[in-house]
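Structure, as C-alpha cells:
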Amino acid sequence: MKQVFLKITKNEHLTKDVLKMVLKGDVSDIKAGQFVNIKIEGEYLRRPISVCDLGKNTLTLIYKVVGKGTEIMANMKKGEVLDVLTGLGNGYDLSCAGERPLLVGGGVGVPPLYLLAKELKKQGKDITVTLGFNTKDEIFYEKEFSKLGKVFVTTVDGSYGIKGFVTNALENVDATYFYSCGPEPMLKALSNATKISGELSFEERMGCGFGACMGCSCKTLTGNKRICKEGPVMKKEEIIW
Amino acid sequence: MVDTKVNLLGIELDNPIIPASGTFGYGYEFAEFYDINMLGTFSFKGTTKEPRFGNPTPRIAECTAGMINSVGLQNPGVEKVIAEELPKLKKVFNKKVMANVGGFSIDEYKEVCEKLDKEEQVGWIEVNISCPNVHGGGMSFGTDPKSAFEVTKEVKKVTTKPIIVKLSPNVTDIVSMAKAVEDAGADGVSLINTLLGMRINLKTREPVIKNVMGGFSGPAIFPVAVRMVYQVANAVKIPVIGMGGIATAEDVIEMMMAGATAVEIGAQNLIDPYASKNIIEDLPRVMKKYKITSLKELIKGE
Amino acid sequence: MVDTKVNLLGIELDNPIIPASGTFGYGYEFAEFYDINMLGTFSFKGTTKEPRFGNPTPRIAECTAGMINSVGLQNPGVEKVIAEELPKLKKVFNKKVMANVGGFSIDEYKEVCEKLDKEEQVGWIEVNISCPNVHGGGMSFGTDPKSAFEVTKEVKKVTTKPIIVKLSPNVTDIVSMAKAVEDAGADGVSLINTLLGMRINLKTREPVIKNVMGGFSGPAIFPVAVRMVYQVANAVKIPVIGMGGIATAEDVIEMMMAGATAVEIGAQNLIDPYASKNIIEDLPRVMKKYKITSLKELIKGE
Amino acid sequence: MKQVFLKITKNEHLTKDVLKMVLKGDVSDIKAGQFVNIKIEGEYLRRPISVCDLGKNTLTLIYKVVGKGTEIMANMKKGEVLDVLTGLGNGYDLSCAGERPLLVGGGVGVPPLYLLAKELKKQGKDITVTLGFNTKDEIFYEKEFSKLGKVFVTTVDGSYGIKGFVTNALENVDATYFYSCGPEPMLKALSNATKISGELSFEERMGCGFGACMGCSCKTLTGNKRICKEGPVMKKEEIIW
C-alpha cells in the first residue's frame, strides 16, 4: 500500500453514467485486479475504484456514478489533485491463465479486466473477452478490448451483440481458465456455467480498504477473508455462494 | 521543547496517542505503513473467547463526518491471539500493548482477561462492555450500572494488570456507569464507544447495514465525547481515556482539557492510515501554539 | 406529478416539512425571506409561562457538521405570545401552527398548554420535555419514563388539540420513553431533540458555552436520529415526527423511510434561511429519482 | 437581509493576522455598522464579518485570523465565489452625530468605522478618529482614515503614537457624539470615560446572524436584544455593563 497524490489529467463520460478518469503521478506497485481508495472532499470514507489501466506515470479508472461519492468524482476537474491509496487488494493471479484465458466482465466489472487483458497479451496468451451490459448505450471499451483478443458483447435487452447475459456467450468458448468481475448474480451464474477453474472479483462496502477495520469480511472455504486485503479476487473453488 | 509524555496507570507513554480497538487490527499491518513504536501504545482488536466472524455484510455505512460499522467483534479468538497475533506483533512493537476484551458473559470476560493478563506484552486490559454490535449481553453490560459493576469486579479478581473499562455513550447517565465500574475496582475508564446509529438506502428502502443498526463514529460524535469525558473526569478519581471523533492534534488537546489522561484515535485511522502518526507529529506544534509546555499540566489532579 | 401531502393527526399538510422550534422564531421573521405558507407548518419558539432571557452568553459553539446551543428557552412568556406574537403571525401565515411548550413543572406545562389550546391558530401542541438547556425539571421529564407519563397525562386532561411529545435522545432506551407517553395518551411523538454536547476553547481552556454544555444539532446527529425514529416508529402506534440533522430532501425521504410521518428541520434553517423552502422545492425531484409517487406510501401503516 | 453570491477580487494581508478582502457583486442595502454572514466551506456556521467599506458593486471586509473559519478565509483565492447574507444588524445611527463626531476603534473594531467615517464626511462633519492597537505592527488603515478626519493612534506598548489605550487619546477631544467598536473592555472604558452620548458595537458568538436562533441575546435597559438583529450597535444609555 502506498499513499500518493495524483493529478487528474482527464475525467470524461464514456456513457451517461460511466466516466473515465486518468490520473498522473506515482503509480508504482499497482497490479491488475487491484483497486485504489480515493479521498473525496466532503465525504468521510474513501471510495474504492478498481484499476482499469496503467501507464508509466498514469493510472486509468473507469467508474459509474452510483451515489454521492461518485457524483462528486464526476464533477472533478482536470488539474485537481487527489489523495489516493494505491496497491490495495490481491489482484488477479496471472500464473494460472493457461494458453487460452477467458475474461468475463459485467457493467462496471469490465474495467479491471482491461489491464489484465493487456498483461496476458504481453505474455502471448490467446484471449477471449466477454462483456455484458444491460443495453447498447451502456457499452464501453469494446474497441479497446478488440485489440487484445476476441470480444463478445452481450446485452440484456438484445440491443447490441448477443442477447442475454454473459453466460449466453460462453457456449463455443474453449478456455483454459477464467477471470471475471461483475455483479454477484453474474459471478454466481458464471461460476455455475463453467467447468474450468477461474477467479472472481467481488465488491463489498468497505471501511478502510487496507485490512484494518474488518468491514468487508466474507466467509470462504479457506477461512474468513477481507475483500479489501485477501480479496477482492477469489478462486472459484473457495467461494461459498 | 515540549513534553508529550503522559503516565497511564503506572506506565509512561511517549505521547497520549492510542489507536483504538477495531481500527488498528493487531498492529503489525500498520507496521507496514510506519514504525508503530512511535505510538503511546495501541488497543488491539476486541478479542473474545471463541473465534468470531461477526455480523453479516454490508457492515459499513457512510455518514456526514463519520461512519457506521457493525463488524461485531470479528476476531480469531483469544487462544489464536496469544499463539499467533502477539508473536507477530512482538517483531514490530517493543512497547506494552493494550489488550481489548469483548464478551457475552461474565465468565467469558473473566476467562479471556485472565489469559491475556499473563502475557508479558500486555500492559493494560481494556474491557469493552459497550460494543453496540453484539447481542446477548455485550450491550446490556454497557447500559446497566449493576451489570457493569459485576463484570468489572469479577475481572479484577483474576487479573493483575490495570483494568480499563470501555463505556458506551448510549446511556442516560454516563456518570453512574463510570462510578459503578470505579466502585468495582476499575483502574481506569475509556470513553466513548460508538453511538448507535442507522442509515437507510433510498434505492432499496432498506437499512444500509445488514444488521440494521451499528456503531456510529467519526468527527461527528466529538462534541458528545468531549461532554461525556468532561462529566466523567469530574466525577471519578481514576484516569479517563478520551475518545470519539478525534481527528487532529487540536482535538487531542481539547479532549485532554476535558479531563482525559490519554486519548484513543478510532475511525480516523480508517480513512487515513497515517492519522495517528500525523497527529503525534503535529502535537508539538499545537502545544506551542496554545502555550502548553507539558501535556501533564492539562491532566486533572497532576 | 408527485404528491407531497401527508396527514398529521387529522390536519393535511401540503408537505411534511416543519421548521423546528427554536430555529424559526414565531415565524414572521422568516416571512420576510419567503412566503412561509409553503411550509407544511412550523413549530414556534418554545414557550413558557413566564418570560425568560435564557442562559448567559456565549451560548453558541461551532462543531464539525453541527453546532451547540444553550439558548435555554428564551421567550416572551405565553401571555405575550398570545397577545403579540400570534397576531403578528396571523398576518403572514394562514395555516395551523404547531405550538411548542416548555416548562419546569407539571403545573406550568398544564397552564401553558391549556392557554395555547384555546388559540384558533394552533393546530397541534408540541410538548418539549427534552430541552437540555434548562435545569430544575425540563431534562428529567425527558429522561424518566414515569415523569414523561405524568406530564403527558396531565396536559392531555386540559387540552383538546393533538399533543405531540418531543423526546430527548439522551437516554438509554428511547422506546420506553415513547411508549410511556403513548400510554399516557400522547397523540404523537417528535424526536430527536438535541444531543448533549460540549466544546472547549483551546485558548482559554474553558468551555466555549458559558453554561458548559448545550444541545448539539446539525447533520452530524442524523444517523442517531434515523436510528431512534426507526426504533420508536416500530414500537408505537402513534405518528412520529422525525428530526435531527435533516439538511436535504434526501434526508427527508430517509427519515420517512425510517418511519416518520412528517419531519422537522432545525439547525439547517440557521445556516441557510432558505433551507426549508429549498428542501420543499427539491422534494419532487428526489421523489421522482427514487420512484416515489406519494409520500404517504412511505409512511408505516398507511 | 439578502442572500447574495459575491466574487473575491482581493484577499491580502494588511498585517500578520489581519486581512482585507474585496468582494464584487450585489451589495445593495448594506449600511455602516452592519455585518455580513459568510458561508465557509468545511465549517458549519457562517462567519459574521463587519462591513468596512462599500463601493457601487464592491464590498470590503477587514478580518482577523482568530480561528478555523477565518483561517480558511485567509486562504481563499481571487475568483472564488462566496455565499453571503448581507444587510444584517442595525448599523450606526448617523442622525445622532452632531457636528463633531468621535469615532473610536480598537483592533478589529476599527474596520466598521471606516464606512461610517466616509458617510459622515459626506455629510460635512468634523470627524475625529481614535484607533487603538496593541503594537506598531498591528496598525492598519491609519492613512485611509487620515483622509476623512483627524486621527489619533494609540498602542498599548507605546511603539507608535500615543502610549496606552484609546481612552488616553480622548483628553483634548471636544466631540458631540461618539461611535465605537472594539473589545468589550475598551467599550466599557470608553463609555465610562466619556460624558457625551454615543453608540457602541458589540460582538457575540452567533448562530444564524439574522435573528432566528436567539443565540446572541443580551439584556439591556430597554429589554432583551439580539446582537445580530437589534444590535450589534447599542446606545450607550441602554447598556448594562
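Per-chain residue numbering starts at 1, and chain names A, B, C and D are given in the order in which the chains are listed.
Keep this in mind: contacts are C-beta pairs under 8 Å (C-beta built on N, C-alpha and C of every residue); 3 or more make two chains touch, one makes a residue touch a chain.
Keep in mind that what you see is a predicted model, and the values were worked out from it rather than measured.
K.L.:
Find the geometric centre of each of subunit C and subunit D from their Cα atoms only, then give the gap between the two centres in Å, rounded to an integer.
P.N.:
So the centroids are 36 Å from each other.
K.L.:
Whole-Å distance, subunit A centre to subunit C centre, using C-alpha means?
P.N.:
Those two chain centres are 47 Å apart.
K.L.:
Rounded to the nearest whole Å, what is the centre-to-centre distance of subunit A and subunit D, using the mean of the C-alpha atoms as each centre?
P.N.:
Comparing mean C-alpha positions, subunit D is 58 Å from subunit A.
K.L.:
Going through subunit C residue by residue, note those that touch at least 2 other chains and give them in order.
P.N.:
Where subunit C meets two or more other chains at a single residue, that happens at 61, 63-66.
K.L.:
Considering only which chains touch which, how would you classify the arrangement: line, ring, star, complete or other?
P.N.:
Contact map by chain: line.
K.L.:
Let me know each pair of chains that touch one another.
P.N.:
Here the touching chain pairs work out to A-B, B-C, C-D.
K.L.:
Given the complex with subunit C, which residues does subunit D contribute to the contact?
P.N.:
Touch list, subunit D to subunit C: 1, 3, 39, 43-46, 68-69, 85, 204-208, 210-219, 224.
K.L.:
For the complex, which residues does subunit C have touching subunit B?
P.N.:
The touching residues are 61, 63-66, 68, 143, 170-173, 195-200, 202-203, 205, 207, 212-213, 216, 219-224, 226-227, 230, 245, 250, 253-254, 257-258, 290.
K.L.:
In their shared complex, at which residues does subunit C touch subunit D?
P.N.:
Listed in rising order, the residues are 22-25, 29-30, 32-33, 45, 53-54, 57-67, 69, 71, 74, 208, 218, 267, 269-274.
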